[in-house]
Amino acid sequence: MMEALSTFWVIHSNLILSLGTNALLALSIWLTLSCGMLAMANAAFMGIGAYTSAILTMQFGWPFPAVILAGMLAPMLAALIIGLPTLRLSGVYLAMATLAFGEVVRIVIINTELLTGGIGGIAGIPTSTEWWHMLLAVVCALFVLWRMRRSKVGRAFEAIREDETAAGLMGINVGANKMLAFILGAALAGLAGTLNAHLTFMIDPKEFGFDRGVEILTMAIFGGIGSLVGPVLGSAIFTLLPTVLSPLADFRLMVNGVVLVLIVLFLPNGIWDPARFKQWFGRKQGART
Amino acid sequence: MNALPMLQLQNVSRHFGGLKVLEDVNIEVPEGGVFGLIGPNGAGKTTVFNLTTGLLPTSGGTIRFQGRDIAGMKPHQITQAGIARTFQNIRIFKEMSLIENVIVGMHAKLRYGAVGLLAATARFRSEERRARERAHELLSWVRLDHKAHDVADNLSYGEQRKLELARALATEPKLLLLDEPVAGMNSGEKTELMHEIRNISARGYTIFMIEHDMRFVMGLCEHIAVLNFGRIIAQGGPDEIRNDPQVIEAYLGREDESEVAQ
Amino acid sequence: MLDQQLVNALSLGCVYALFALGFTLIFGVLGVINLAHGAVFMTGAYAAMTVMARFELPLWAGLLFAFAFCGLLGLLIDFLVLRPLRARNAPHLIPMIATIGVAIVLNSAAQGLFGAENQRFPEGAISNDTLQWAGVRITVLELGIILFSFVLMAVLMLALKRTQLGRALRAMAESPKAAYLLGINVEGLFYLTSFAAAALGGVAGVLIGLYSNAMSPLMGQPMLHKGIAVVILGGMGDIRGAMFGGLFLGFAEVLSINYLGSTMRDAVTFGLLFLVLLVRPKGLFGTLQERKV
C-alpha cells in the first residue's frame, strides 16, 4: 500500500505540485479581477519572482525562506512602480498596458544574459520546494484572501468592481485599494514563481510570456471569479485536463479552446457559481466564501 | 446669515471644451433644512453635484464645505469630510445584498487594521457587529429592513432609490445631496419618499436636492435656487420663486410651466 | 545604405499595418479585442498555401481563396461566439476571453493538420525579381505589400468617410444603441465587419507568409503582439492610426536593429509601447474616444 502510494507520488508529484503553482497564479489574478481590473501582468510577476529567487539561491547562496520572501517582495516592488501610472487606465487599456509590461520584462530577461542566462534560462536550481511548502502556501493564500473577503477590504474591492465612481463616493480610496489588489496579486504570483522555480530545476523566459498570462486568466475565468473556490477549481481542472486528454495528442489543446469558448458562452460566471447553485438547489441565505 | 454656511459655491464655473456648462454660479446652502436646486433639463444641475463631490474639477471659482475649500480633494476625501450623494440614474451595487450595500458606505468608519482583519480580533468583530447593527437601523429608516439580505438588483425602482439613500447616510454625512430623488416614481412612492426625506432632515442632516417635480420641491424645500443655462437666475423661498418673473420666463413654453404656477 | 533601410522599414511597417487594420476594425466597431486575429491570419496563409499546392493555382487565386475562406471563418466566429455575447451584453473582458479560446482551437487545428514544423509556399508562387532604382533594391513582393496596404487603407478610409455604410459604421462605433435607434441594421454591420476584418487578416497572412517565407501554426502569435502594439501606438479603433502605428513600428524596429543590434528590436518595440501607454494611453494618433461599455 505504502509502496503503491510512493510510486504514485514519484510519477505524479510534478503534476500535483503544479496544481499548487497554478492555484496560486489563478488566485493572484483573481485578486485584481475581484477589484474590477483586467491586469495581465501576472506571468511577468511570476517571472520576476522566479528569476529573483533563482539568482539569489544560486549566485548569492541565500537560505530558502529568505529567497521566498525576496521572490515575493521583488514583484511587489515592480507592481508598485508600474501600478502608479497604469492603474488609472480603464478596461482594455489596462489589459494592454500590463501585457506590454509583460513583454518588456521578458525582453529584459533575455537581454541581461549575465544575470539571467538570457534566452537559455537558468538551469540547476536546487529543488528545495517540498510538497508541504506548496500546500502551506496555497492554504495561507486562501486564508488571507478569505479573511479579506469578509472585511471592509473585500467589500471595497467588490464595490470598486461594480461601480468605481459610486465606490469613491462611499469614502473608499479607489486608487489605494486597486494598488493593494495589484501588489498582493504580484506577491502571490511571485510566490508561485519562486516555489515553481525551486521545483522544476530550471526556468527560461518563454514560461513567463503572453501565453502564460492568458493561461492564468483562463484558469480564473474558467473556474469563476465569484468566490475563492472558483480559481482553485479552475486551475485544478486546467492542470489536469492535458493529462486526461493526452490520448487526443495534437488535438488535445483544441479541446481546451472549445471548453473555454463553451464556458464563456454557457456558464458566464464560470464553473463555480454560487448564485447559480442557489437557483438550482433552492434559495439558501447569505453564506459567502 | 451669520452662521457658517454648510456649502458655499463662489463664482463657480465649469467648461467642457468651449461649452460653458456653469458660469459664475453662487449658491449658499445653510446648515439644516432642505435646499432645492431647480432648472430646465441641461441647465447644469448635475454638474453642480459632480463638482461638489469631486468627480469633476471646477474651471474656476471656489467650493467651500463648512468653510473649507474642497479644491483638489478626491471624491473619497470629500465623502469622508461629510458630503454624501445619490445619483439621478441610481448607482447601487446591484450584485450585493442590501445590508452589504449599506455597510460599504461605512468603509472609512470601520477602525481595524490588517492584523485585526487577519486574526479576527475582538476589535474586528465588534466593529463589524457595530456596522451590521447600524446598517439594519439605516435600512429601517427607509423601511427596507425586512429585505436586508436580498440581492439589491431584485428591488423595485422605488426601493432602489431608498436603498441608495440609506447607503449615502451610512457614510455619516453632514450634507446629503439628492439628485432627482423622485424621478420615475409613481405618486404613492413620491409621497412616501417625501415623508422619509422630512424624517431624515429632522434628524439633523442638511439636504441639498436637485428635482424636476415642482410640487415635490415646493413642498419640501425652505430655500430654492434656479439654474438656467449655467447661471443662477433666482434664489429664495418657495413663494418668491413661484412669483419670480425670470423663473416663469425660463420655464415659459415648457411643459413644466403649469407645475411652476401651482 | 540608409535609403535601403528606409525601404525595408516601409515594407515591414506595411506588413504590420496590414495585420493591424483588421484588428483595429473589429475593436472600433464591435468593441472587442480580438485575440483570435492572429490565428485567423495564420489560417489565411495555410488556406492559400493548401489550395495553391494542391490545385497548382497561381498566387492571385490563393489570395482570393484566403480572403473568402477567412471572411467566412470570421463570420462563423461572430455568429457562434461573439453574437451570443453581444446579445447578453457581456462586459468587454468576456468576448476577449472567448477569442482566446477560438485562437487556441484554430492554432491547434493547424498544428494537428499540418504539423508544427515550418512550411513554405510552393516554389515560384511569386517572382523573385527585384527592381532597382537609384541604388535601392525592392522585391516585387515588397512593392506589392506596400501598394496593397496603402490602397487598402485608402479604400477603407474613403468608404468610412464618404459612403452611407461608413457613416453607419462610425455611428455604431460611437454607440451601437443610438445607431440601432437610427434604424441602422446593427447586427448586419457587425457581421460585415467581422467578415471584412477576418478576410483582410487572411490576405495579410498570405502576404506575410510569402514575405517571411515561412509559415507555422503559431505564426499569428508574435504578429498579434505586434498588432496590439501597433493599435496602441496608433490609437485603438482608428484606421489611419493602424497605418501610422504600423509604419512607426516598422521604422523604429529597422532603425533600432541598425543602430542598436538585433536583440534590441523587441525591446524597443515594447519599451516604446509601454511609454506611450503611460503618457498617452489613447495612442499617439488616437482620436477616437474610449467607448463606454
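Read from first to last, the chains carry the letters A, B and C; within each, the first residue is number 1.
Assume a residue touches a chain if its C-beta (ideal position, glycine included) is under 8 Å from a C-beta of that chain, and two chains touch if they have at least 3 such contacts.
None of these values were measured; they are calculated from a predicted model.
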{"item": "By mean Cα position, the chain sitting nearest the middle", "value": "A"}
{"item": "Chain at maximum distance from chain A, centres defined as averaged CA atoms", "value": "B"}
{"item": "Between chain C and chain A, distance of the C-alpha-averaged centres to the nearest whole Å", "value": "30"}
{"item": "Centre-to-centre distance between chain B and chain A (centres being mean Cα positions), rounded to whole Å", "value": "41"}
{"item": "Between chain B and chain C, centroid-to-centroid distance (C-alpha), Å", "value": "49"}
{"item": "Contacts with 2+ other chains: residues of chain A", "value": "none"}
{"item": "Footprint of chain B on chain A - complex, ascending", "value": "144, 147-148, 151-153, 155-156, 158-159, 162-163, 165-175, 285-286"}
{"item": "Residues of chain C touching chain A in the complex", "value": "33, 35, 81, 84-85, 88, 90, 92-94, 96-98, 100-109, 111-112, 221, 225, 228-229, 232, 236, 263-264, 266-267, 269-271, 273-274, 277-278, 281-282, 290, 293"}
{"item": "Sites on chain B touched by chain A in the complex", "value": "53, 55, 74-76, 79-80, 84-85, 87, 91-97, 100, 103-110, 112, 117-118, 120, 124, 128, 149, 167, 170-171"}
{"item": "Residues of chain A that touch chain C when the two form their complex", "value": "38, 85-86, 89-93, 95-97, 99-101, 103-104, 107-108, 110-111, 210-211, 214, 217-218, 221, 249-254, 256-261, 264-265, 268"}
